[in-house]
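These are the structures, in structure tokens.
Both complexes shown next keep subunit A, but they swap its partner, so subunit B is in the first and subunit C is in the second.
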Partner chain A sequence: MGADQSTVRAVITQFLARAEKSHDELTDETPLFGDGLGLDSLEAAELSAMLEDEFGSDPFSAGGEMPDTVGDIQAFYEAASTA
Partner chain B sequence: MTAAEQPRVALITGGSKGLGAGLVDAFLDAGYRVATCSRSKTDTVRAWEEDPRIDGRFHFMAADVSDRDDAERFVKDAAGRWGQIDVLVNNAGVAREGVIALFGDDALDQVVDLNIKGTVYVTRAASRVMLAKRSGSIVNISSIVGLSGYRGLSVYAATKAALDGFTRSLARELGSRGITVNSVAPGYLRTEMSHGLDPQQMVQITRRTPMGRLGEPQDVARAILFLTDPTNRYITGQVLVVDGGLTC
Partner chain C sequence: MIGLLESAAARSPSHTAVVTPEGSVSYGELLSDARRIASALRRRSITRFAIVEPDVAWVIRLLAGGALAGAEPCQYQADIAPQEFADQAQVLDHVVLVTRRLDLGGTLDVIRPEELTGETSDELAGAADTQPIMIQTTGTTGRPKAARHDWQLLGRTVARFQPRPDQRWLMAYGPHQFAGIQVLQHVLASHATLVAPFPRQPRDGLTALLGDDVTCVSATPTYWRFLLAEARGRNVGLPPLEQVTLGGEASPADLLSELRAVFPDARISQVYASTEFGSVASVKDGRPGFGVDALYSELHPTSNLRVIDGELWVRADAGMLGYAGESGKEPATAASGDWHATGDLVEIVDERVMFRGRSSEVINVGGSKVHPLPIEDKITALDRVAMARVFGRPNRLTGAIVAAEVVPMSGLAEADLEDIRRDIKSAVADLPRAWHPRSVTFVDAIETRGEKTVRGMEA
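Showing the complex of A and B:
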């Protein structure tokens, strides 16, 4: 499956549902941690694993800068697709 | 057969001989799809590869799990092949005998790199697959010498005690995600790993063992199959000793 905006957000939404974390609407600016989605370290690992399972790679374990927002995750896949 | 009815998948490191081969046999007999690895292929592995009864349920990869890239390649290959990892048995390990005052650097690196770092590399990769599915069972093969110590095996014992700490921490870390983590601590087995013991030591150990014999790989396999059974959703963070009562 290609990592376009809707599919990336679908994986994040799926993760939030099973983690029983509610959030109104995901935007590029939605923070992953703190007052945003409020992910803890294990939740970040779980989301990372789900993204890798879906797309074959993920921005949390790629060795680059850690994503802070939903948009950072999307940008990782956009950068990968144009590389 | 639907995806849900596919046989469960077990990864067993170091499965080409000794205890590991016994574990591979036991999981194949239990109907699992089994992926194993070791640095080189043995006749035992070739026999599995040619056995039509387990066609499609066995996969071997030449890999040294003390090498980070090899370890990750082994896990990703199995996950890519079968789409899931239900069970991970961290069996690969090495014992080097020697009193600490004369213990060589190469032996030290070999034991630590394989027994601890190799286990961590494989577990790290496999835990990601299990996290994505929110399901899985991990068993680390430790040893009674990690609990009671043994003269001349101090470095090996230290690595096995480390695995028990790894087990307890991971159980706490991954329990909320449906993943159990336990150690199985065998006593002295009738495998190549025990061949470093001299005949007098073997006789002494047998005499002190309430069950009156050395252990067999199948004795250990039964404990692991119990801990990794899909109905076990509550036993985690434990060290199950399988030693014929030697340390009771």
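Showing the complex of A and C:
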């Protein structure tokens, strides 16, 4: 399945809905941790599993730099598709 | 085994011992075939042999014949792949194979069971002094592991049984499994009838329940769940049962109450047994776990159960002599009362010893030890869930996360699945956060091994 911006956003939005986390409109700059979405390690692990299930790989487990923002997750899949 | 068969055949030779897809066989017929097999084994100087055979009547003939001759039988799974069989037979050092399958054997000496029963029966000077049997452990992958037992020790647990020829037991286990051997012994000791379909899936068991007048069933909790789900799926009512036995896994409270509701007149027993330790204890009050008064104490010095550091320890009355390839103790000292750790984790809650899962199933989530079983129990208790399995899924951030596979009740819409996710969230809300399933997937069937749910860490 293609990991374009809307499908990546959709997975993150679905994760936030299931985790019952309220949030403002997602942008590339929205931080995943701290004042942004405020994910803790268990929630980040849950998001990574959902991304893996959807796209076959995920930026948290790939061994590279950890994503800090929504845009970083998007960038991981864009890099993967052009590699 | 041979003793049980001889006594059943002496009392009621024409009574049906076993019903299989190949037909019905009486106790008298089984005994005379077993005698011919014993003679043939002795004539050929066979002291150990492998069996690959799906039909339970043939299995009984071969096991009893082996016992009479003092030769050690060892069953392999009836549908084992040729290469896997070759590998396992090499590890267990088998050179003689008795099977009707034509695709097995290789370098082994292959004998058809009909060849053995086709020979004449010699006058045998009574059963052999030692009557060994090797039973493979289930749940293992790769290198096979097998326990060496003696029929005379195994028979102790059924020694005082009264004849119950009216009982008809379903064979829900494979006869190669320890629990299957227990059912065989139970039926023979009771002079009852064994109904043994093949294949042995819960759907086949349900068909036997509906058509073969089964009155007693012993199966794993996972098998029972599948059986009940199958009956709901076919929209059929279940006939009354006299005996409902659960073993091999912990019995969840919701399953016990469902069985109580479906079989209101049945006696519900839970047995605690393993291939290594034999049959250790049984609980008959129909509640999960067992009472602390059953534990070993000064007041109860004969108990074979105790709890040490949250783990159940047992001592075996009829345990194995040793694993295959290990020199074992003499049968007389195998029951000497050494305590052994079982790997079953328990917790005492309100005077009940409750099972929390296997130590090998513990999931390490960011340093927290999580037991899958209590989570699974909460999920399977939900109305819209037919079955569930909880296991560990590797995760780089936390080492592992708790994952659940859920079989929804049939006929639910996609929208209901999101509701089930919310139900699961609420159901586990009182557990620590590390225990909450972080990956929930909906599946048509859950993974089982030897009719037990596969938990623990995913590879």
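Throughout what follows, the second predicted complex is superposed on the first by the 83 of 83 C-alpha atoms of A that agree within 3 Å, B and C clash if a C-alpha of one lies under 4 Å from a C-alpha of the other, contacts with A are read in each partner's own complex, and residues count from 1 in each chain.
Just so it is clear, contacts are C-beta pairs under 8 Å (C-beta built on N, C-alpha and C of every residue); 3 or more make two chains touch, one makes a residue touch a chain.
The structure presented is a predicted model; accordingly, all values stated were derived computationally and were not measured.
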Partner chain in contact with A:Ala44 - subunit B first, subunit C second, else both or neither: second
Touching partner for A:Thr82 - first (subunit B), second (subunit C), both, neither: neither
Contacts of A:Phe60 with subunit B and subunit C, given as first, second, both or neither: second
Touching partner for A:Ser6 - first (subunit B), second (subunit C), both, neither: neither
Dominant contact partner of subunit A by residue count, subunit C or subunit B: C
First, second, both or neither for A:Arg18, with subunit B first and subunit C second: both
Shared subunit A contacts, counted only where both subunit B and subunit C touch the same residue: 18, 42, 45-46, 48-50, 53, 61
Subunit C partner contacts - residues on subunit A that touch it in the complex: 18, 20, 41-42, 44-46, 48-50, 53, 60-61, 63
In the complex, subunit A residues that touch subunit B: 18, 42, 45-46, 48-50, 52-53, 61
Contact footprint of subunit A on subunit B as seen in their complex: 127-129, 131-132, 134, 173, 176-177
Complex contacts: residues of subunit C adjacent to subunit A: 365-366, 393, 395-398, 401, 403, 418, 421, 425, 433-434, 436, 438-439, 441
